[in-house]
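Next come two complexes, and both contain subunit A; in the first it sits with subunit B, in the second with subunit C.
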Partner chain A sequence: MSKEKIKINREFYDIMPKEYQELVEDATYGKEGRGWKDVGESKEMIEEHSLCAGCPESIAFRYVLACLPNPEDTVMVGSTGCTSLVFPHVAVHNIHSLFGNQNAVASGLKRALSYRFPDKVKDVVVLAGDGATVDIGLDMTLQSWFRQEKIATICFDNELYANTGGQSSGLMQKGFVAKMAPAGKKFDKVDLPEIARQSGCHYVTMLTVSKPNRVEKAIRNAILIAREIGPTYVQLYTPCILEIGKQMMEGLQEMRDSEGPGKRFEFKEYISDEAKAYLESIAPKKKRKKVTAQTEG
Partner chain B sequence: MEKYRVMPGPEAFLPPAAACVGNVLPDPGQGHVNGEIVQEDVAMEEAARQFLAAKVPTIFPGPLVLWNWNEKSAKKASAIYKLYEVLKAHNPGALLIPMPDYRPKYPKINPEIEINPNHPNLTIWHNKIDVCMFVGVHCHYANLSLKIIRGGTNCYTIAMCAQAGHEDAMLSFRDATPDSTYRLIEAVKRVKGLASSGNGASHAGTAS
Partner chain C sequence: MYAVAEVIDEDCVAHKGCRLCIMYCPEANTILFDAEKKVAKVIEPSCKGCELCVVVCSAAKHNAIRLVHR
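This part shows the complex of A and B:
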């Protein structure tokens, strides 16, 4: 599908609710270089959402959707969790899979789209919580990486099962006491970024969403590399303010406090040699030198 | 067992799916009225009678005709709008209310300007719609809406389907094209002409 197809039949233009007219006139479909700075400026792929007030996941969602390089030809695959509360409001094609199945569904979808639309670029992006990615769906997640499926996997890591009351998850930090984990987490936070790297992901990064520029770069890299090279993984810290006892205005500070040197969400990035070469080849000429310097450094 | 007839409600919170109680879809060239298979011309005449007798006849165009996907959808949109103009000329209270997409609307929809398949009854109640026609709505969401409307309102439902028809509507056609929409327009004009000449084409609805 191209932007040309996102238009309203003229007979019905006047009766369409304003939000759909704006989606046609003012959304960033087809715009080169769309990114987080469009948030608040253009019609967003998500406006109203049903998450808690002040939830960092909501701003993470905005950034991710604003940074999709090709939203009109992107299909997102979600899973059960807080993310599944948002997907019904998103103006991007999306599929809700059974809990944990998201990478398996995305694998089949990507193959089907490649077969059905061989001449078009179709991105498949998995977006799920840590329970779906690391606990219940770990098998599907890893198997898709082993098979080198060309899909980008984004994990919203809130370190517990948030919308079922705060049970411990594999990504919860050791010793953390949650409402439904009163004895504290018994083992270390699973190092999924390292597992992803060892499992064949060509781009792996872990960060919080406190710095939108960095999130934009991570999302674009993950999707572009997945499109051409192979699987990629992005782990974003989106703390559940309710379950860790924070107020609605404290989510941003919580992320900042967790990303410093030596902290558990210190920025990490891995790019395979193949992916580096690809990123260099698609970088605009004036930036190529910079990309080369960065990837070599 | 007595045959189940698909009639205007309010039937119940969860009316049965008509297909589960013995109602079948029409074959090509046919339609159905209250669950009875009839020839398409008969169904069109009945639809025309229902539209003309209604206080608030309403067309609900869905995404397949609202959005300009292809040339065919543009032609369908023109034909449907023409039907609306004919109904509006007969009854200034006629409405054209879009179903732009199927996502549930939060915090709430504006029932005056749109209909949502997850709570179509709100739009029916708010606008006091007594006859409505769905067109260009994907089958599963049309069935969902038709059941909710039958369950909670007394609205007469018509489904103009591009596929095999909808047994959960009180009246439906199948294989809808721009041409078949124009045939429905002709049927409305013909029945209206008969009615104005006093030839027994007054409201003969089987339902209300």
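This part shows the complex of A and C:
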């Protein structure tokens, strides 16, 4: 199936854009074990976008899209923010929701998809910024977790409202002074991973995007667990270099600096017992598959 | 005048499995692995000149990428 869906009719092949032709020929739809290692050797599912030069968020976007286990049957739900500038250039089905509504839209979508395609695996992935997840859409985010909706929520945490000039957000660290928050943040960074754990998420992790293999593992786990068990939450630190006063090539160092021991983005992971058992149950299957494929081949 | 990245083919160690610049480039489909020459190659029209590839390459002491003005 996979590439059959996007194949071009032979008569129209030459009038289709070059990027689309490349996507049909060279993208990794339907490939087993997709991951960040495919990047650079096959067509990525994201095209030229309008994010700033050196933006760590676009690095995160590349990894997330390269790591989706089932991109042809995935629907991503985005929200207002810098992420919504990228979604028009992404080769995965996506919906733009109103600011903050992303988890509510995703809940409805997941139910409709499981009703319409009962025999198929359809993943629904929410990808939104910290403003949409924690401030404006906190109600919808939490309610979807309470209801145990089977969706994966990914939050790109840049600690402020980058798109509108740098107002403080709930995830901003205490005391930080931004362009539109000159008095400094008055209260602590909201501990959303802990809230997610308490609210019934089966897989919660917080990390930066400085290590692609870690991001790959987090995204894969989150989506696979959300498929079978229940809601999952991934918080990725993608600093806004423009608003925190860094040069465009300093984004990576900023992420490395904030993930050390005791720092605010130290790697955290929580897996519920049920989810752990599920992950273990699918791991040997894969190995078995590989073995049979080798003996057949 | 724009600054874009340029790979110095002789110094590139992509044939040894290095993928640093490809991995950390924020732009999609911009630094690719050239399977014939076994080096990284830059697709210039989509390079925004952020210098991140230069930083990671020189931090690993390969120094195989520089910025050039076009």
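We adopt the following convention: the second predicted complex is superposed on the first by the 281 of 297 C-alpha atoms of A that agree within 3 Å, B and C clash if a C-alpha of one lies under 4 Å from a C-alpha of the other, contacts with A are read in each partner's own complex, and residues count from 1 in each chain.
By our rule, contacts are C-beta pairs under 8 Å (C-beta built on N, C-alpha and C of every residue); 3 or more make two chains touch, one makes a residue touch a chain.
Please read these numbers as outputs of a predicted model, since none were measured by experiment.
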Fit or clash - subunit C, subunit B, common subunit A: fit
Report for A:E41: first if it touches subunit B alone, second if subunit C alone, otherwise both or neither. second
State whether A:L51 touches subunit B only (first), subunit C only (second), both chains, or neither. second
Could you look at A:E11 and tell me whether it touches subunit B, subunit C, both or neither (first, second, both, neither)? first
Per the overlay, which chain contacts more subunit A residues, subunit B or subunit C? C
Treating the CA centre of subunit A as the corner point, state the angle out to subunit B and subunit C, nearest 10°. 80
Quick one: classify A:Y20 as touching subunit B (first), subunit C (second), both or neither. first
Looking at the overlay, does A:L252 come into contact with subunit B only (first), subunit C only (second), both, or neither? second
Where does A:P88 make contact in the superposed view: on subunit B (first), on subunit C (second), on both, or on neither? first
In whole Å, how close do subunit B and subunit C get at the C-alpha level once superposed? 9
Check subunit A for residues that touch subunit B in one structure and subunit C in the other, and list them. 48
Residue ranges of subunit C in contact with subunit A within the complex: 19, 22-29, 31-33, 35, 40, 46, 48-52, 54-56
Subunit A residues touching subunit B in their complex are 5-12, 15-17, 20, 48, 50, 88-89
Residues of subunit B that touch subunit A when the two form their complex: 61, 65-69, 73-74, 77-78, 80-81, 96-98, 100-101, 103-104, 106-107, 110, 113-114
Complex interface listing, subunit A residues touching subunit C: 36-37, 39-41, 43-44, 46-49, 51, 53-56, 58-59, 61-62, 212, 248-249, 251-253
